[in-house]
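Note that the chains take the letters A, B, C, D, E and F in the order they are written out, and that residue 1 is the start of every chain.
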Amino acid sequence: MKVVLSLGGSVFSDMEKIREFAEAIETIARENQIFVVVGGGKLAREYIRRARELGATETFCDYIGIAATRINAMLLISSLPSAAKKVPEDFIEAENLSKLYKVVVMGGTFPGHTTDATAALLAEFVKADVFINATNVDGVYSADPKLDPEAVKYDRLSPHQLVEIVSKNSARAGTNIVIDLLAAKIIERSRIKTYVILGTPENILKAVRGEAVGTIIA
Amino acid sequence: MKVVLSLGGSVFSDMEKIREFAEAIETIARENQIFVVVGGGKLAREYIRRARELGATETFCDYIGIAATRINAMLLISSLPSAAKKVPEDFIEAENLSKLYKVVVMGGTFPGHTTDATAALLAEFVKADVFINATNVDGVYSADPKLDPEAVKYDRLSPHQLVEIVSKNSARAGTNIVIDLLAAKIIERSRIKTYVILGTPENILKAVRGEAVGTIIA
Amino acid sequence: MKVVLSLGGSVFSDMEKIREFAEAIETIARENQIFVVVGGGKLAREYIRRARELGATETFCDYIGIAATRINAMLLISSLPSAAKKVPEDFIEAENLSKLYKVVVMGGTFPGHTTDATAALLAEFVKADVFINATNVDGVYSADPKLDPEAVKYDRLSPHQLVEIVSKNSARAGTNIVIDLLAAKIIERSRIKTYVILGTPENILKAVRGEAVGTIIA
Amino acid sequence: MKVVLSLGGSVFSDMEKIREFAEAIETIARENQIFVVVGGGKLAREYIRRARELGATETFCDYIGIAATRINAMLLISSLPSAAKKVPEDFIEAENLSKLYKVVVMGGTFPGHTTDATAALLAEFVKADVFINATNVDGVYSADPKLDPEAVKYDRLSPHQLVEIVSKNSARAGTNIVIDLLAAKIIERSRIKTYVILGTPENILKAVRGEAVGTIIA
Amino acid sequence: MKVVLSLGGSVFSDMEKIREFAEAIETIARENQIFVVVGGGKLAREYIRRARELGATETFCDYIGIAATRINAMLLISSLPSAAKKVPEDFIEAENLSKLYKVVVMGGTFPGHTTDATAALLAEFVKADVFINATNVDGVYSADPKLDPEAVKYDRLSPHQLVEIVSKNSARAGTNIVIDLLAAKIIERSRIKTYVILGTPENILKAVRGEAVGTIIA
Amino acid sequence: MKVVLSLGGSVFSDMEKIREFAEAIETIARENQIFVVVGGGKLAREYIRRARELGATETFCDYIGIAATRINAMLLISSLPSAAKKVPEDFIEAENLSKLYKVVVMGGTFPGHTTDATAALLAEFVKADVFINATNVDGVYSADPKLDPEAVKYDRLSPHQLVEIVSKNSARAGTNIVIDLLAAKIIERSRIKTYVILGTPENILKAVRGEAVGTIIA
């Protein structure tokens, strides 16, 4: 099976977390090919904030953010014996590396894309069997659960429903969006089986095993 | 002055058009630095349609589309004595080339971005004085003028208004969107002076001279 | 067995043809390693003609032609599940990719080389067991069969005879040359078993099976 | 005049410091070509420590350290209007960029080299008129001033004396070495005029003006 | 004026010769842009002979020959203060470097091309005003002067005559060909003013000044 | 088992030697993964000497030396059917190639590193089981055996002892150092099992079999 995992940069603030995720990834790699796309997390936010203050354009800040995701990717690779040490710079390179290593870890690729969108494009490109979006909420809600006590979590959504919910929420200022619109549209057009889960090693393993967890888009 | 021009691929179906646009670009280059971002046009559409039929993923189709924009860029370069012969692959390379040549012509860069978004990111990156979006309508309308006879053309919009109009129209299926949402958001965040014009050599020259043409976003 | 196939760009004008060739290539790939070198065909001719008219040098036209072959390569790749998605840019990269994928598709590489010459160099580099030159005539003739009714098709030629015939015909203006002189010389120096065949999927399969078809140079 | 400045990563912990150094660098750039080589500082140390704990080899840690220096370089570039946005990856690229921009900022280049050694090699390569090593002590001492109260600061040293002092101090465990041995040997072999100074914007400006500051190796 | 000079590798066996050629090149560079394409000479021949003996294919030998030309290029660069230190790998890169440096030195580029053909393609690409082919005979002869005492040296040839003479001589075994056929054909198609001269610094300077020397193809 | 072999450039002066080493390397490759790092030998020395005389900086001479090691690597590859034809430019690329080919041959990588240091870094990076340093003496001595008749050869050293001996000998002018200090320090920090041997094919095979030969650092 081919698995693409989008892993937010927040993982990288804690050594214990990195170790646990690495263990889960290696477990998955025993019987699957896994691609991980990591975010820039605190490091990216901090450097971008400072670059912006110093006068960098937003696009140059994006380049800095990409550099941060790549350092995070290298850190994760340090804990993964099965991973390629090369952080691929595009999807073609990622696929080639996947013929040599059970685990391929990517960071960002090009200004203007989020980690989620990069991961969704990668999932589409390699024809992933499953795309796991590890986030900090436990699934897709009808509204932001922190703002709206009546928000309902969906167990299952069609790709089209996902796009509708994300579109609607994207429009509202200050809303916590669990997956970005471009990513949702890619999931829709390519009908990749997707899990939006609370990012824990256990949940990732569950999603790989096809168990009910978070929101399944299928 | 630094000018970024987004030029749809439709230009490339007609030799006379290429020559006229080339002449306008060379005229601008006499006193300005100009970057042109070209689309894939008919060539891209044709090859993507066929690749899709043959089983390519959408992301691989994007790679094919990028290759098409780059051939179009090379064709335009053939008619521009002042242009770099290298089609840059990212914004940093584009800026470096602009120190050597008065005209730099780019195509697409990375899967998942439109020509407009690429051009807007480039305009932001090089701190362009003006971003000209040469389209096939004569400006931004309140609704699609082909569908809605009461649609009104705007002469002037704030960046925020642009984002709102584009967001609203993006949501409606089958609507002809004159600029894409990511491009609009980049214009908003970086406050780049933008012209949305009917793409003719004359209109481009007018926009460079700061005359009223199309819709000005400022 | 290692097979190198030179496939003229004319294939790419017809979807049905692409599908049939792709099927033949996949059949070959089941038991062999196959490299395909594709030409630029109509796309290359069209863009080069226009670039030349716009003032491009012949060498820059070559760059455009190479870009066209690469788009054609990507289109063929779209129909080949076993092929690398990377279009290699030199022979070393092609060989490396062949360790990962049963099919590797190349386009042109460098100004001044034809598709045939590129394919012959590749065949030499990877020590191909057989080099198949798929053309639009059914073999090598003593003279151009369209001009000379007494032209005789050869079933078998030595590499040296091939060079002599190609040399002789190259000298005559307007003659239809089935393989170019540099390609013939490479075949001679490296003694690669070569088939010059009318390019149909059936003929390609025959050549791979070692059956009598077209002209065999050995 | 061509100036190469080695700037430790410690600068990057403080926004005010970055701004002051940037101002000094821009001042120098008005009448000189300046190359800055920045270190990885706290970011590199932190990520390397964690990578090592996770099982990375020292050489892979070096790659991570290099990535960190490059992010720092991008941050400094954000504050320098005259700088190339490209962080060059070798000395040839750095020299080429210096023909386009008054300021070129590099990070690390290859595993196994310190910032100082990289900067000294760059100074040699571009035939710098002056190499300024901005450190956290105010010059070269006969011994580590923190350990030996009788340590004497040198105002002036020959390149050969520098190598001798650095060699002697390198041998002693726990000694604070102000410049590394490879850097010292490069200074010796190429006789580059070198200042070892306490890294403040004022001191850097003094060194560029040829005033007495820190230790001068000539 | 733009000058392209093809310089055989034989120059590199003698330090005094390198110095004299370097001086001539620097003289030319004072008022012109000059590109030099150097051959592999004895170094290439020696390494290719040995590689072939060890079992390398001819195409891999070509890669080795290219590597040899590049070392020769670096040696020549060592004696040229005005030259780019980067040895460009294609014509586009060469043109870009020529905007930064008065002298650009190339070696070989791709398997299957001679130094002469590479130089002629470069001359065509950059629209050189003059192409100087520095050889070991004093011009183009009607036949090989070493074999045929009645061979006549031409002072002036049309491009078409050059192609005819080279074609005729190429066909005869053991004939000393002063310029290769591909190079001759490129000269013909692009009508580049060409000097075939005995390669001495004086003759090169004469050719640049437009004086009668060797054979002029125009 | 993973083997890294550092092979001085002196091998490349003699065809018979190359063949014998190639045979040994192929023998090892039957049951192991082997990486070879080759030096520049006479070719590098000769070209560097001449470049220096012509005015090249030492760092540019280093680039020339690296180019020479890469030609030597290509020559060795010519005799090795199991080797990658690509000479990797960094350690990550070397590791990737080792997944495709039983033998990977590298040359130098970056200015400022010796062959030994490059090989030691590679050994560390790929977590080699054994690092074999093939030199022109039969092991590590207490002093230079040519200068000091009482010099004692060590059969076994700890990594720390190696560093001490190399440090001590580095300090003495004109001393023949069998391994450079950076290489020794890398061996120490990564505790790679190392053989310093007289470079003959037999000794290399002995070292791979774990037999007593030269000096073992463990």
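Keep in mind that, in the parts below, a contact is a pair of C-beta atoms (placed from the backbone, for glycine too) under 8 Å apart; a residue touches a chain by one contact, two chains touch by 3 or more.
Keep in mind it's a predicted model, so treat the numbers as computed, not measured.
Note on connectivity: the fewest chain-to-chain touch steps from subunit A to subunit E number 2.
Touch-path distance (fewest steps) from subunit C to subunit E is 1.
Two copies of one chain, subunit B and subunit C, form a contact in which over half of the residue numbers belong to both partners. Taking the mean of the C-alpha atoms as each chain's centre, subunit B and subunit E sit 43 Å apart.
Between the Cα centres of subunit D and subunit F there is a gap of 30 Å. Those residues of subunit B in touch with two or more other chains are numbered 60, 63, 85, 92, 100.
Chain pairs that touch one another, listed by label: A-B, A-C, A-D, A-F, B-C, B-D, B-E, C-E, C-F, D-E, D-F, E-F. Residue ranges on subunit A touching subunit D, taken from their complex, read 15, 18-19, 22, 43, 47, 50-56, 60, 63-64, 67-68, 70-71, 74-75, 77-79, 81, 85. Those residues of subunit B lying in contact with subunit E across their complex are 84-86, 97, 100-101.
Chain contact summary for the complex, subunit D toward subunit F: residues 57-60, 62-63, 90-92, 109-113, 117, 121-122, 124-125, 127, 167, 171, 182, 186, 189-190.
Those residues of subunit D that touch subunit E in the complex are listed here as 92-93, 95-96, 99-100.
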